[in-house]
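Letters A, B, C and D mark the chains in the order given here, with residues in each chain numbered from 1 onward.
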Amino acid sequence: MAPRTPKLLVPIDLKKKPWEQKLPLHNRWHPEIPPVAGVKTGEIFRVEMVDATGGAIKDDNSASDIKHLDLSTVHYLSGPIRVVDEEGIAAKPGDILAVEICNLGPLPGDEWGFTAIFDRENGGGFLTDHFPCATKAIWYFEGIYASSTHIPGFVTYGVRFPGITHPGIIGTAPSMELLNIWNEREGDLEENGLKSYKLCEVLHSRPLANLPSTKGCLLRKIPEGTLEWEKIANEAARTIPGRENGGNCDIKNLSIGSKIYLPVFVEGANFSTGDMHFSQGDGEVSLCGAIEMSGFLELKCEIIRGGMKEYLTPMGPTPLHVNPIFEIGPMEPRFSEWLVFEGISVDESGRQHYLDASVAYKRVVLNAIDYLSKFGYSKEQVYLLLSCCPCEGRISGIVDAPNAVATLAIPTAIFDQDIRPKANKVPVGPRVVRNPDIPRCSYDGNLPITKNPGATG
Amino acid sequence: MAPRTPKLLVPIDLKKKPWEQKLPLHNRWHPEIPPVAGVKTGEIFRVEMVDATGGAIKDDNSASDIKHLDLSTVHYLSGPIRVVDEEGIAAKPGDILAVEICNLGPLPGDEWGFTAIFDRENGGGFLTDHFPCATKAIWYFEGIYASSTHIPGFVTYGVRFPGITHPGIIGTAPSMELLNIWNEREGDLEENGLKSYKLCEVLHSRPLANLPSTKGCLLRKIPEGTLEWEKIANEAARTIPGRENGGNCDIKNLSIGSKIYLPVFVEGANFSTGDMHFSQGDGEVSLCGAIEMSGFLELKCEIIRGGMKEYLTPMGPTPLHVNPIFEIGPMEPRFSEWLVFEGISVDESGRQHYLDASVAYKRVVLNAIDYLSKFGYSKEQVYLLLSCCPCEGRISGIVDAPNAVATLAIPTAIFDQDIRPKANKVPVGPRVVRNPDIPRCSYDGNLPITKNPGATG
Amino acid sequence: MAPRTPKLLVPIDLKKKPWEQKLPLHNRWHPEIPPVAGVKTGEIFRVEMVDATGGAIKDDNSASDIKHLDLSTVHYLSGPIRVVDEEGIAAKPGDILAVEICNLGPLPGDEWGFTAIFDRENGGGFLTDHFPCATKAIWYFEGIYASSTHIPGFVTYGVRFPGITHPGIIGTAPSMELLNIWNEREGDLEENGLKSYKLCEVLHSRPLANLPSTKGCLLRKIPEGTLEWEKIANEAARTIPGRENGGNCDIKNLSIGSKIYLPVFVEGANFSTGDMHFSQGDGEVSLCGAIEMSGFLELKCEIIRGGMKEYLTPMGPTPLHVNPIFEIGPMEPRFSEWLVFEGISVDESGRQHYLDASVAYKRVVLNAIDYLSKFGYSKEQVYLLLSCCPCEGRISGIVDAPNAVATLAIPTAIFDQDIRPKANKVPVGPRVVRNPDIPRCSYDGNLPITKNPGATG
Amino acid sequence: MAPRTPKLLVPIDLKKKPWEQKLPLHNRWHPEIPPVAGVKTGEIFRVEMVDATGGAIKDDNSASDIKHLDLSTVHYLSGPIRVVDEEGIAAKPGDILAVEICNLGPLPGDEWGFTAIFDRENGGGFLTDHFPCATKAIWYFEGIYASSTHIPGFVTYGVRFPGITHPGIIGTAPSMELLNIWNEREGDLEENGLKSYKLCEVLHSRPLANLPSTKGCLLRKIPEGTLEWEKIANEAARTIPGRENGGNCDIKNLSIGSKIYLPVFVEGANFSTGDMHFSQGDGEVSLCGAIEMSGFLELKCEIIRGGMKEYLTPMGPTPLHVNPIFEIGPMEPRFSEWLVFEGISVDESGRQHYLDASVAYKRVVLNAIDYLSKFGYSKEQVYLLLSCCPCEGRISGIVDAPNAVATLAIPTAIFDQDIRPKANKVPVGPRVVRNPDIPRCSYDGNLPITKNPGATG
């Protein structure tokens, strides 16, 4: 029996663009994207990946790359990978594909990442009405730790924390039937959002859904412009939201030793992965909010035959309305002290919402940003930090009408100062300035920005 | 210096009703409810409390007490307690009151609790359209562990878990100004919910808010029916939702060693506490979803003078729009293995919602209920279990339009069988039957119950 | 089914001496000490206990009670308790008695404890040649936390830590056969220690073993001086060391939720418990080194019939040469940061010992004491602290001749200052003096005290 | 500021012998071994290393390589590395060198390791009188997990656990003065062990110390046989034991994110490292007891000027009698359940020893081996397992004469069966046989093997 050296299935050359790679990548979900490679259950294999933007964001002190990022191209994924069992029989629709994450990390030579706030006209983020400007922070890695010159410290190194590294995206290829369901329901939202869904107008400045578009579409080696490409590009789902196939789940603890149980919709399962995060906070609030990086995964697959029927109850009109299951690995940083903020479903204008966890979560994130900004950080710095540090966002109460209660727990050890409230607050000492200017572009959009009495932007 | 024996400030006689106690309780928030006792900062004191219902629910095998529970009376609180500093100067509006939980537990002689689903016509719960029937489970405590004869096991004891015991409610008295804000905004929701808030009609079968009502109102020793009582009862806020003063926060980790930083709105702070939970899952989904019990707290207070201005930024039109902060204690059960479920903001009818964390959370809870019901439990049993076991409900993604992603992580160690998906599922063994019938009342209400293809009730 | 209210089996009146209690205590191991009570498997019962010295040590600022403590009386135990199964059949020799700790804590009204260094002529401790003087520290409890006015702080409260409360002693009654084995082997050590065991002379100032003695002996209600008392007192084993029956194991993590698997040597098992510790460091180095207190246990028993043969292999000449097994409970403080000291088996005179873990452990404790004394504490204060705080003492290497390596890991969170080595050490600030004088008696013994170049006393 | 890509300081070619490497290795401690490279404080650099035996042990099913291993060659170390500060000034004697472990792991392509029992005539181990035969187990790694075909399972994979990977050896070069101290004290032990140290004769079959020897000595590129080589080889200390310079500390938690504070004895510090362990149990009881492997470290250095005087109190006749300090990293596997065994200082013949932690530790390891062998494993398998799995060996009591109490805590999650004692033991199921024969050589030595009544070999 040989050692378990992972077989390199998808290599990445960091000097090349996603479409120039030896095994070109893709950035859409569609059953007809041809597999990049095949793998047997039990084998350990290595998949390398570019960052979600395919290298568009640079390690520098300007946010203009963020401001002008072409969002139609994200996320570049490695795959699809076709899975067969030890007898060579492919995974089948109705099976469950269990994928274990044996190892993962940044690509050697590329030990850095970025966290960004998108411009309000270009995707924005959870708090875009408070923070409309494109902003970014660069993070450098020292093994398990990340720190940023853009969030400088007071006593020593500034903010520094161990990352819980994970792939933001892992998912199986949808069947055409499932793809149609997605396109129909998301199209309906996009079309009828203001009318039937009664969403408030200000939101509609941003797209309600991300529908298929040929613009920016990469389908591995299928030549752009061909009939095949046109057909697939017009049907293929964007990778932005998480869906029944897994996809952009952004589960911050899906790290080393974890196992993902994915439903299989097409022969071979054809799973893809990408959007590597060095670390992320629950909710990934600034949208481009994790520490985005290139990276690698070492994986092992198992097929649970007939597992969908056995384990996954559809919660919707068809047997396809299911969701993956995850098993969290045993290797995580121990944090002993947490400061916890709370938000209720009353918005910044003082208006009461009915058990709305999204409003409560917005409130708690705003509360935490304001609190921490009293310790010498700018609000943008804290917004970026809460997007990417290992903070836990919980739904604490969802039943006590009319207030949903959300909480956000932040490990105090990530700061180089004591951030707890106290009777005699120690004044913030002389800052260890390393880079006082956080990269930021001004906002020149057309949308009016909320100016609530409590607004913080 | 003497040992730190806690001074008994609020005693409870379990044989008496809340209004018969030596120091009668209250079940409303109002600045004019007279303090039950005073305490100095630094002192350790003991506050005993009845369960949220004041003893209305019995340790038996019938759910009829749940079905007919008079919700106008919950939650019975111990307090208000007036706090002064070591010089005898009272806490003032604008201060922060820091309350440390030194110890807590069930009341001796009363080591049991209950978890319930309310009837759909009487409050319901998060999944009331799936589970409209009044149901309950009785839990017995063995030190830190709880187990229930109503959720029997297969191998040994059934489900058994260590509780993270905490008070569901702790809060300071609101000022009249804050009380008016509450009544106005909640009244507006109640009145204009369907119209302005565009909520779907089916929800309106349940009250949108819980407005002041004289019915069921208990105001310590102020005699019912007097002018003073009438005035206060008509103004006083219900204790159902968490608000700016803390209140019903239901933060499941607010256990021994924790510290709560509460804003002070009235002279003396006048804080009250109650609604003791032996254990609760994030969200407390079945509404009466924690393991509700009587209990005691041993507390110590500190005043941070001027702390509101220093630490709490208002997020709304007035300086009162703030929220408490919490510090979580160091003593918690270690769980090494978690199974994590996922839900997206597509509802059971297959309809797409826009970044709606409440819908995503509903989906993840339904997914988990269905999954676990494959291991020999009824769906009601799992619904009750997920309401009260130490499961973690997270907002994993809130930005990737159109899907919010919620996750629910369940520690696998609470089961006496292996609940992970596997290629060769072991058949569920002969059940160790102790009480196969979970107490349940039939639903005879008027509201149509959702009958989605994926519905599970 | 009734709630699990523990039945009070052994009550303690703190105003009375151990022999005046309603159910008098005992301080020896012998099969003929009559049971104090009986209990059925599955029942939850409460056992209260005095502290190990039976109240001889006072909450004051003098160490003279420590200096003159009559060690012939420790430890006062509650029990023996006879265990029968649900059919009323007693535990039998060869069975295993599994005892679960459901709950535990200090006795209400007595929330304090002490840690002491014995005088070198009166028992001494692990470092008696460095610290020959009787010393003590009083600790006060605030729920899970302990702090001491005798180990004052610099910034806030001084040293403060959550206790992992546990009984120092829990054990079953020995059979006469086992008792004879004990008395023979310990007598042989006492008699032939210097000769056959080649122990160095200086040690022999302290007794090598603690043999049976009628002095100080308490045997529950058997009247002192009677024939029965004389016989038993002359045979009964002292409670000082841990042995095959469990006894004084001092396992610092044996806290709430733990389970002890004890071998049964006599009909009914007849187990006793006592020597409650609010907290202890591994090794309990100062001998009276835990935070000693009165307290209570709530327990539940199970009998594993024939378990000794099934699970416990004798490691010695008879089937009685076995040891208990323990299962650690899930509820412990999380500490995220540890500073770890190291010691090797080279003693303070520079002499090399061969793979001697005791020497290595002495070295590591001395190293830690010296290090921490650089942060403003006296060495006695640190010695007391390391005896009782939740520090972990490990045998890291026991094979790499000639050095055994021992390590001592100390959670940094227990200090109110940063105790890590750093390039620019912050000077120790003005002390928050509360009681600068640690209670201490001078040493007026006859034994020469080691004066090694590296000695630290 | 560039990303933190580690600079490769010491590369390893796995196809070459230690002395054939581009930068040859060394296996002794001596101040005159020339540095292999230099590094600045703050830089991140990568050091690769062969396994302790330099590749002598093979991934096969025979233990003959273990039986005939030439122990004079271990451990091959990478280094010495000379450290200077940012101004280029070297670390000086009296400074502290702080080394942070940023990352570590097996070498790519070499994801396996071995655990072995040495033949009694060739080093033996902690339990050599019970287990005299050379034995080995091969482990394969799947990311953080290790499993062995030589310790097969019953239900699924057999024993499998996440490793806490660490370097067994890290240390600074000794000065000649310190080297002389070592050679003198260890020579004295070797010479006078039986006489002055009163060690029992049977032990003396194994060397009491490992004194300098030219045999097997490798001193980087200094040619063997030259005068320089002869001089150094005759003086240089073996790497077997841990000492004042750190060295073979075998601290099992010294993993990613940890920091080592090493005393500096020579200009430049000249630190070396090696003996990588995928995982180790406290004590590394079988001597070659960790999972030994090749590997890499990514490190960062800091110099604390004058740190020895500031932080390290000598505990011996000279200022050199110090020990390193360690800070444990935050990233470790969470284990929630531990089974704990206990041993007292009574040996297998029933003889009482006086507070001897080494004897107690031997007893607890024997107890654990026997217990676990009841679950279908052979005793050799368990002995190997306890040497390398993340079990914790504690000194629980060291003061209660005459018994030292040692405990060994084993995380139950590493087994694929429930190993707790229970009333109705489930019979061990059909084994998932993968390799029933553990590689083992017969013992043909001359030494009588202990045959105690309780002996287990």
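Criterion: a residue touches a chain if its C-beta (ideal position, glycine included) is under 8 Å from a C-beta of that chain, and two chains touch if they have at least 3 such contacts.
Quick caveat: nothing in here was measured; it's all calculated off a predicted structure.
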| item | value |
| --- | --- |
| Interchain contact steps from chain B to chain D (minimum; 1 if touching) | 1 |
| Chain separated most widely from chain C, comparing mean CA positions | A |
| For chain C paired with chain D, centre-to-centre distance based on mean C-alpha positions, whole Å | 31 |
| Separation of chain A from chain C, taking each centre as the mean of its C-alpha atoms, in whole Å | 51 |
| Distance between the centres, which are taken as Cα means, of chain D and chain A, whole angstrom | 41 |
| Of all residues in chain D, the ones touching two or more other chains | 330, 333-337, 413 |
| Of chain B, residues touching chain D in the complex | 333-337, 413 |
| Residue ranges of chain A in contact with chain B within the complex | 96, 98, 125-126, 181, 185-186, 188-189, 193, 197-199, 203, 206-210, 240-244, 248-253, 261, 282-287, 289, 302-305, 307, 310-318, 321-328, 330, 336-344, 346-358, 361, 363-364, 366-367, 370-371, 374, 392-407, 409, 420-423, 425, 452-454, 456 |
| Chain C-touching residues of chain B, taken from the complex the two chains share | 1-6, 44, 59, 100-103, 108-112, 140-145, 149, 162, 256-257, 298, 300, 329-335, 413 |
